[in-house]
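The next part holds the structures, each set out as structure tokens.
You will see chain A twice below: alongside chain B first, and alongside chain C after that.
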Partner chain A sequence: MTDRRLWTEIAAAVVLAALCAWGLPLALQLYALINATIYVSMAVLALSLALVWGFGGILCFGQAAFFGLGGYAYAVAALNFTGTSWAVPVALLVPAALAAILGYLMFFGRISDVYIGVITLTVTLILFNFANSTAGDEWHIGAAPLGGFNGIPSTPPLNMPGDPGTPLAPQQIFVVAVACLALCYVICKLVLHSKFGRVVVAVKENETRAELLGYDARLYKLGIFTLGGAMGGLAGLLFANCVFVSPTMFSLFYSGQIIIWVMVGGLGTLIGPIVGAIVLQILTTWAGTLRDINPSLILGVILMAAVLVIPRGILPTATTALARLRRHGAVR
Partner chain B sequence: MDLAFAVFLQVVTGVATLLIISLGLAVIFGMMRVINLAHGEFLMLGAYSAIVSARAGLNIWVAMLIVAPIVVGVIGAVVERLVIRRLYGRMLDTMLATWGLSLALIGAVTMIFGNSVSGFSAPLGSISIGGFRSSSYALFLIGAAVVLLVGTWAVLRLTPAGLIARATMQNPEMAAALGVSPGRVYAITFAAGAALSGLAGALIAPFSGVVPTMGTVYIARAFITVVTGGAAMLAGTLSASALLGSVSTLGTFFTTPVLGEVIMLGIAIVLLRLLPRGITGRFFRRSL
Partner chain C sequence: MTALLATDNLGMRFGGVRAVDGVSLAVAEGELRCLIGPNGAGKSTFFKCLTGQYKPTSGRILWRGRDVTGYDSFAVARLGVGIKTQIPSLFDGLDVMESVVLAVRRLHSEADSRRRALTALERLGIAALARREVGLLGHGQRQLVELAMVVAPEPDLIILDEPTAGMSAEETSRTAALIRELNRRHAIVVVEHDMQFIRAIARTVTVFHQGRVLIEDSVERVLADPRVRDVYLGKPVTRAERAAS
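Up next, the complex of A and B:
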């Protein structure tokens, strides 16, 4: 990609995000706006897996582990320190640290793709089981009770930087969430444009060849996996701000849903998973209001249909179709 | 002494349960390299078909041992025809499609039967070992695990159909050149794996409770057992369930059920780190 195209795309994304952040709080009711914030946090989560899986080639079945850990780390830190200024870096660093440890174990152990799926899935299950079993007063970290199955309902919202007494209103949290999404998108774009990102993609395309060219594939995988972990933690932080943290964040349901978003949106793109996450979240919410049809049935059928009919995902398929139409018009 | 024996019995039951729930997945994964993430829902369907037919007045043993595998086997054949067949050789896509199937089945069954726990009590009474009582059904489960394992081994090893199946898995082109239709072999293998899962679901139903989401409890355990087992499907599943089953039962006995599960999962991770190709990637390599 040329530099010019990169900057145009980044500028377009920033403008679009600014428009959303300015327009949607005016247009939507409070309830819809909080829902929209949840969708945006899910979009960040989808973006994190899009980076790790679509460009790093690492099928992580446990992106929800980083999501949940980010949420829990944020809640625990926010309850222990005054104000949330310290909680934000903690929510990014804890999942990133887990990703680094896990990535070190997996990539330096030369564990192949199916096993990576199993290990990440297992870690998520461990965290889920553990978080579920922390009911009772003896389970607490500092001033924060872990709450077992109920999670931490008293998760405090973000506050104004440097002013612990003023928590952000839901409208402001929405703006923060959109800004985070845009920031993550720009970071992904820049990382993929850099030398590091190109090597990551090269490793995904052909690991042996990349190693023969002198790159240590393990390090590059570890790097992109850690970045994805931090991004998943950020998504958890945002989610914790509009709902609250609970063990369901670690559940198999979330882990799987993230994969669906990326798959349906388009593996190997960044915008596709974002669109996939938001569209499918809206669809799930809508399906939840139906009385006669179970939402799982609809989601499941969509996933099967997506794999069978548009295996490349919505965005790449649409792009190809558009290009074909254009070529067709030019010939005529 | 009695306590030791009672604990031992519990461990063996844990191993047998793990073996039973993993066998269907192992057959499908080992023979076809298809990871069936709807495996848990096949178990669930087996349990439901046993319950429904038992409530319709059928003898409970017939419902569990005959109706459940047949119903789920047929469902497996249909799924193979509609979904799996289009995705051979694309492991990842199969995983995602079967995951979609799993969600859809949970949704469909919730719509039909509601989201409440039903179940039937374990047939057979209880036995006493010294001062401890244990359900005779546990003994039956252990027996069933042995029969299933030996039966699968015998079919694959001793019958012409098993020979054809193994040959097709090793080299489909050569098998096709010799007049075997690989498509049919795959279809039958998948249906047989599904039937095993259905039977497993019916067998565990008495003590697990039957809910539409019961599969999600077992899928991860089965998946981890099969993958930890490695390439040789029967020996791998047996050794992995022996190890993980006893670890989890002993862990549950000495700590809490949750910690038992966590310890088991932790052991699985360490094991995969040390033996990246699973147990049978290193030991028992030439077995089935």
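Up next, the complex of A and C:
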């Protein structure tokens, strides 16, 4: 990708994010805006897997582990420190550290792709069971009770920088979430454009060849996996600010959903999984309002249809169709 | 003088099978060495030991006198070894230019890498393919793209595993000329079993048989040696003959 095209895409994404951050709080009711914030946090989560799986070639079934850990780390830090200034870096660093340790064991242990999927899913389910078993007063970290199945309902929202006494309003949290999504997108674009990112893609294409050229594939995979872990943690932080943290964040439901968002949106793209996450979340919310039919059934049908009709995902299919239309128009 | 690459009693066992059994050889700076032998002689296993894809179970590998036994592939490449595999190992989803740029980007800036990549493509006569996706190229073109990736970083030694596999007679002849040209600037080890090709490029030949070095001599003498003919035709070599070698 040329530098010009890169900066054009980044500028377009920033403008679109600015328009959303300015326009949607004016256009939406409070309930819808909180839902939109949840969707944006899911989009950050989808983007993290899009990077790790779509460009790093690492099929991580446990992105929900970093999501949940980010949420819990934020809630525990926010309840222990004054204000949320320290909770934000903690919410990024704790999942990144888990990803670094897990990635080190997997990649330097030369674990094959299938087992990476199994291990990451297993770690997520261990965290899910652990978080569920922390009911009772004895389970607390400092001033933060872990709460077992109920999680931490008293998760404090982000506050104004330097002013711990002033929590952000839902409208402001939405703006922060959109800014985080745009920032993550820009970081992904810049990383993939850098030497590091290009080698990551080369390792995904052919690990043996990358090593025969002198690149230590394990380090590159570890780097992208850790970055994905930090982004998953950021998604958990944003989610904790519009709902609250609970063991559900580590559940199989989320682990599976993230993969579906990326598949439906378009593996190997960044925008596709963002679109996939938001569209499928809107559909999930809508399906939840239906009384006569099970929403999971509707989503299952949509997923099967998507896999059969647009196996490459929404974005690549739409891009190809547009290119064909343009060519057709040019011929006529 | 210290050899560029040497093996000392190198061995590789898979359970009870000795695929490589006590091989000692030395390749000098600027040399073009061919390793030949029939199928199952242990050439490819030896190649994988040299390139770090297998860890030898005994013996040593020396690079300019330094023990590099057990190095991973990336560490072997960093010594200054360019490696071409039997079946082209490429980045199918990338274009030709990007693939060759990545081959040199580890050592040079972006602008310098692009310049060097273009030079390598021109040297191999495939500059016109620069923007083509690697996965869409034909077999012969893929072989050349891999060679471009190997020569672009200007390695001290190039190791080629059956570079003419799947090539037509004309492509094989062109590859022979290319290897002779590359040998002006790089030491080369070629693992092959095509005798016509060996005749076209080689000076010194090492013949493998049953994981061991059967004979090492000039190409003329090796090709005239009845033992070489026998191992290619399947006649067993006696213990006395092997001891004599």
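As a convention for this text, the second predicted complex is superposed on the first by the 332 of 332 C-alpha atoms of A that agree within 3 Å, B and C clash if a C-alpha of one lies under 4 Å from a C-alpha of the other, contacts with A are read in each partner's own complex, and residues count from 1 in each chain.
FYI, contacts are C-beta pairs under 8 Å (C-beta built on N, C-alpha and C of every residue); 3 or more make two chains touch, one makes a residue touch a chain.
Keep in mind that this is a model prediction, so the values were computed, not measured.
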item	value
Contacts of A:A217 with chain B and chain C, given as first, second, both or neither	second
First (chain B), second (chain C), both or neither touched by A:V201	second
First, second, both or neither for A:S296, with chain B first and chain C second	first
Touched chain A residues, chain B compared with chain C	B
Overlapping contact positions on chain A, where the chain C interface meets the chain B interface	none
For the chain A and chain C complex, residues of the former touching the latter	195, 198-199, 201-202, 205-206, 208-217
Contact footprint of chain A on chain C as seen in their complex	51-53, 72-74, 77-78, 83, 85, 89-94, 98-99, 102-103, 105-106, 110, 149, 153
Complex contact set, residues of chain A against chain B	59, 105-106, 109-112, 114-115, 117-119, 121-123, 125-126, 129-130, 132-133, 252, 256, 259-260, 263, 292-308, 311
Contacting residues of chain B [partner chain A, same complex]	35, 83, 86-87, 90-93, 95-97, 99-108, 110-111, 216, 220, 223-224, 227, 256, 258-259, 261-262, 265-266, 268-269, 272-273, 276
